[in-house]
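For reference, chains read A, B, C and D in written order, and residue numbers begin at 1 within each chain.
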Amino acid sequence: MNFSSDTAAPAHPLILEAMVAAAKGPASSYGGDPWTKAARDALCETFETDLDIWLVSSGTAANALGLSILCPPHGAIACHEEAHIERDERGAPEFFTGGGRLSLLPGAHARIDVAALKRRLAANDPDFVHETPLHVLSLSNLTESGAAYRPFEIKERAGLAHEAGLAVHLDGARLANALVSTGATPAEMTWRAGVNVLSFGATKNGGAGCEAIILFGAARQRLQELKVRAKRAGHMPPKMRFLGAQMSAYLKDGLWLELARRANTSAASLASALTKAGIELAHPVDGNEVFATLPLGAAARLSAAGAAFHPWPDGSHRFVCSWATAPSEIAAFAAHLAG
Amino acid sequence: MNFSSDTAAPAHPLILEAMVAAAKGPASSYGGDPWTKAARDALCETFETDLDIWLVSSGTAANALGLSILCPPHGAIACHEEAHIERDERGAPEFFTGGGRLSLLPGAHARIDVAALKRRLAANDPDFVHETPLHVLSLSNLTESGAAYRPFEIKERAGLAHEAGLAVHLDGARLANALVSTGATPAEMTWRAGVNVLSFGATKNGGAGCEAIILFGAARQRLQELKVRAKRAGHMPPKMRFLGAQMSAYLKDGLWLELARRANTSAASLASALTKAGIELAHPVDGNEVFATLPLGAAARLSAAGAAFHPWPDGSHRFVCSWATAPSEIAAFAAHLAG
Amino acid sequence: MNFSSDTAAPAHPLILEAMVAAAKGPASSYGGDPWTKAARDALCETFETDLDIWLVSSGTAANALGLSILCPPHGAIACHEEAHIERDERGAPEFFTGGGRLSLLPGAHARIDVAALKRRLAANDPDFVHETPLHVLSLSNLTESGAAYRPFEIKERAGLAHEAGLAVHLDGARLANALVSTGATPAEMTWRAGVNVLSFGATKNGGAGCEAIILFGAARQRLQELKVRAKRAGHMPPKMRFLGAQMSAYLKDGLWLELARRANTSAASLASALTKAGIELAHPVDGNEVFATLPLGAAARLSAAGAAFHPWPDGSHRFVCSWATAPSEIAAFAAHLAG
Amino acid sequence: MNFSSDTAAPAHPLILEAMVAAAKGPASSYGGDPWTKAARDALCETFETDLDIWLVSSGTAANALGLSILCPPHGAIACHEEAHIERDERGAPEFFTGGGRLSLLPGAHARIDVAALKRRLAANDPDFVHETPLHVLSLSNLTESGAAYRPFEIKERAGLAHEAGLAVHLDGARLANALVSTGATPAEMTWRAGVNVLSFGATKNGGAGCEAIILFGAARQRLQELKVRAKRAGHMPPKMRFLGAQMSAYLKDGLWLELARRANTSAASLASALTKAGIELAHPVDGNEVFATLPLGAAARLSAAGAAFHPWPDGSHRFVCSWATAPSEIAAFAAHLAG
């Protein structure tokens, strides 16, 4: 009953197999290898467009590097006040941008409230030297509360941002889960909705350690700068082939969506077990995360029964399922709740 | 005949096998897993002392993070003018320290000249506000010219540095090769010689992507800061177990020294083939790298014959062997030279 | 009727006179001159304690340098969501700290709400690597809404901060105005209330361009680092004597309090004229600033009549008086309102 | 006999008088005042071209801000190995650029050697991700050894830099002295010779604390960014009028050239006294600085006689004259030498 995090799961066998298979003979270092090229090709196909990529080994690196080519040291990034880049990355955006700032916005279920975004954009004056103006809007899908944006919701917020001269970044650490639950295509949820730079996660959904920074459209002109910044940050590992191999295997034959579907299904079962036990959910379950408002004493009892999960700053408790969550874990959890 | 770099080699099967074996069940994220603990234990044993570590996926990350806990934004790092941190890391030390500076020293075969070091230290005045004073001496072993420092040479330089109030960092991306050729123990070459922070490489010698930042003695008090800086730089990948597994397998049963021995032996054969052909070597061959002063036209002929290698800024050409270099490659190269 | 800002005023004749008088013969550069020493002595006397100082030419420099010795690159500074360091300094704290972050707190009249501060401090976990923990609490007195904290209010907030391991910074760009209106002594309002580092303003109250960063108690150990950071930021002007002379003249014979008293009196008259005209004030008038909730059309009419003032982000309009505000300006303004 | 530095001199009475005169009535803050506008107009006339400016209170601020709009965090600045930005600004260029690097070049009398510059430029490869490429060439006139570049010498180096895609910065902390000694016009020595950004000093030559960052030609497009960076660094003092007034007075009726002429004349006399006493000069005396190779014991004897001067890192001793150096000081010094 390990619902602590999807990062607690191991890597999927097919992804490890691909890494082993990549250990064949010499290959160019620093991303010039065939596996990295194949990963890019697979991403182009998946997203139905020509795009550029850089592969890194953590979501923090993906977000911070992606943001650093969009926001100058003297600019700001609008994001939700509970966004991962605000809450859980120890100031990585500030570090990579050289002192850029996050500007926080409210919104239920960690979705950015449109009215609040409009007010913030209306107050933004890039010509006023004294204030730090917005350069980027960063969205997250799944949000930090496990909710999904649908494509039109991304589009609305991205549209407002673009009108105000901002670029749009999407933290897609759990994008697969959002796509499965909304039924949207990768293209619909990203560049067709106005996303310029995407952090596309694989680690939480079966990878050993692989995230792609994806540049769409005009953002592709920043590829060279992205490489420079990656190198400078130690995110140009010599044997990039082992990242390329992960990403290719992740996308091959729809593995990524299949794994996300499994995780989402587990989460739905877990949520159902909770509600059946009369426990209220704090947020919609649009992916692989369940946030429950536990009654007094329940957290201690569940922990004592062997369940691993985390208290959340909003007062709820978070239970995360992954591709590796066993039906037996859910069943045991449900049985405990029912008992 | 791929002598382009030891980073062009694949990962060693035993290391990949360990990664696959690590994909078992849930484990704590961010370094709290048993594989990372085992890696630390193995490093303690290898270095015959209690130490602290952080694992990263690139040598640039290891060097820059290690230096960032030793040098403030307003300090300087003394290093050889051909050091990797100066030549090949795109300003990573400057980035991670927040604007620290490299202060360059000369020396044959990329070993720091002792007299030059003494002069530089004598001119150093930490109390003079206008100048940027030295806080760290960074050595490399192997050096960028493939030469090895012996322990007493490290000790002499480190001693001078300590007397002047500096900390000592060692870039050991190819430490295994230096240990094999000098016969020194890991302890003799590092903390016993005065090294405070070590970048201990595995990637070039069989890893898929793994380097350890090792803190010795009083430097261990900076472990928490090191973790914070790693997190902030995207170098705290969630599934750290895949780094821990690599390092453990690397050290197990002396694999690392065996692989370095192979690479060194190949380099010695390659060097011998060159000298037999009347070609001069530019630097001592103390590890797995050979620098040759090729006569006019020779580089083009060798390339045409299928050999991969790189021209070097000092006018020579660099040939690198790895654990994966096949005897047949050396033989073919020698035959071509002899022919 | 120029109520645009107290920075629109010229410098006071006595302060300029002191600058002219300081232009006598050679003097040590970079702060080693007798005028800078005299300024420190005068500040020790004014604050009734031994202290260390650095003089700079802008409030932004004073705040950002002062904060940079209290907050590491991976730390955060708690401040009011309308604080000058958040609203009007273009990311200077982020720049000087090397990527530190502001953490915003609410509170009426730009005073930090104690309950909100307690909640924020309770949630602060310096040991949790993923989040950016607080290192400093920054208060402003006068606040950005022209309100004053009384000493016990500073003390309460500073006490909470200290208990949580934070240092306390006070932005005193308009400290003189707050002291005059509260009747507190400089010591009571600062170090006796728990302030560690003070930005002590003279520019807005008669200076040509002079602010002191004042280090109290244990913070004095950071003086050398402060000098280093000042030098590195271009805030160690060679002819420091012209800053020292300003500060000495500012403090001599209570000039600073006399000028603040004048400005406060003008503001009180202006506020009275507004309320008599039936216009509501948005914030308490505790110093030289008046914030008025102007009825529709009033701003345009007042501008047309020749009054200079600024709309404020909270919907009110700000009118600032200075030592140089003439009674005739207030009278003309009142007459216009009454007419 | 104070030859310690030209920064030890007071400000010139006409410049102080202008500051006092600027203290008249309210004026726009942050550079929107008539005095700052007049300063720009005067600089346009002096340099015979349309240009943009920002005024700061220290040479370090002028250099570092000027360089920060020309060099990205991942770029390098070529300068002489004895340049002020390398030796005496505590890493300000690194701080303001966000981690850019200085790349050092040799050359007699602190003039950059043309052959060395050519070699460095030839080795520069902006497309190679691993190295830090040059973005700027920074020259100094006077050099740190008191020598002057003539316009054709600036032009030659600037031309090479431009061909290689670099911008050109000139540190003109003592430009007036170089202009007087070479007879060149301001235009000939700067933009007509290829300078894009100039640090134009007044402080050492009569100012109280005033330097202009001057943008020529296409560099003028960076004015807004320069302002933003100045604000963020605390170099947008509210009462900018007191900087504007200094610069206007400095240029008025050729005061600046007259003061430099006085200082140069004093230096020539001082040099002559030294050579007459059989003491060798280490560098050409092209301005107001004299570097002498003192025989054993001479430094102590001169100090004992009341002369103030500094030992220099190259083994010589530096004597600096200023506009305020009295003929009697030179005479006393000469008498002592002759005695």
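Keep this in mind: contacts are C-beta pairs under 8 Å (C-beta built on N, C-alpha and C of every residue); 3 or more make two chains touch, one makes a residue touch a chain.
As the structure is a computational prediction, the values presented were derived from the model and not from experiment.
Enquirer: Which neighbours do subunit A and subunit B have in common?
Expert: C, D
Enquirer: When I count C-beta pairs in contact, which pair ends up with more: C-D or B-C?
Expert: More contacting C-beta pairs are found at C-D.
Enquirer: Starting from the mean Cα coordinates of subunit A and subunit C, work out the distance between those two points in Å.
Expert: 42
Enquirer: So the centre of each chain is just the mean of its C-alpha atoms; given that, what is the distance between subunit B and subunit C in Å?
Expert: About 50 Å separates the centre of subunit B from that of subunit C.
Enquirer: How many angstrom between the C-alpha centroids of subunit D and subunit C?
Expert: 34
Enquirer: Mind pulling the subunit D residues that touch 2 or more other chains?
Expert: 30, 73-74, 89-91, 95, 98-99, 129-130, 228, 231-232, 236
Enquirer: List the residues on subunit C that touch subunit A in their complex, please.
Expert: Of all residues in subunit C, those touching subunit A are 73-74, 76, 87-91, 94-95, 98-102, 104, 123, 129-132, 313.
Enquirer: Which of the residues in subunit B end up touching subunit A in this complex?
Expert: Contact set of subunit B toward subunit A: 2, 4-5, 7-11, 13, 16, 19-20, 22-30, 56-62, 64-65, 89-92, 95, 203-204, 207-209, 228, 231-239, 241-242, 308, 324.
Enquirer: Tell me, which parts of subunit B touch subunit C in their complex?
Expert: Going by the criterion above, the answer is residues 30, 73-74, 98-99, 127, 129-130, 224, 227-229, 231-232, 236.
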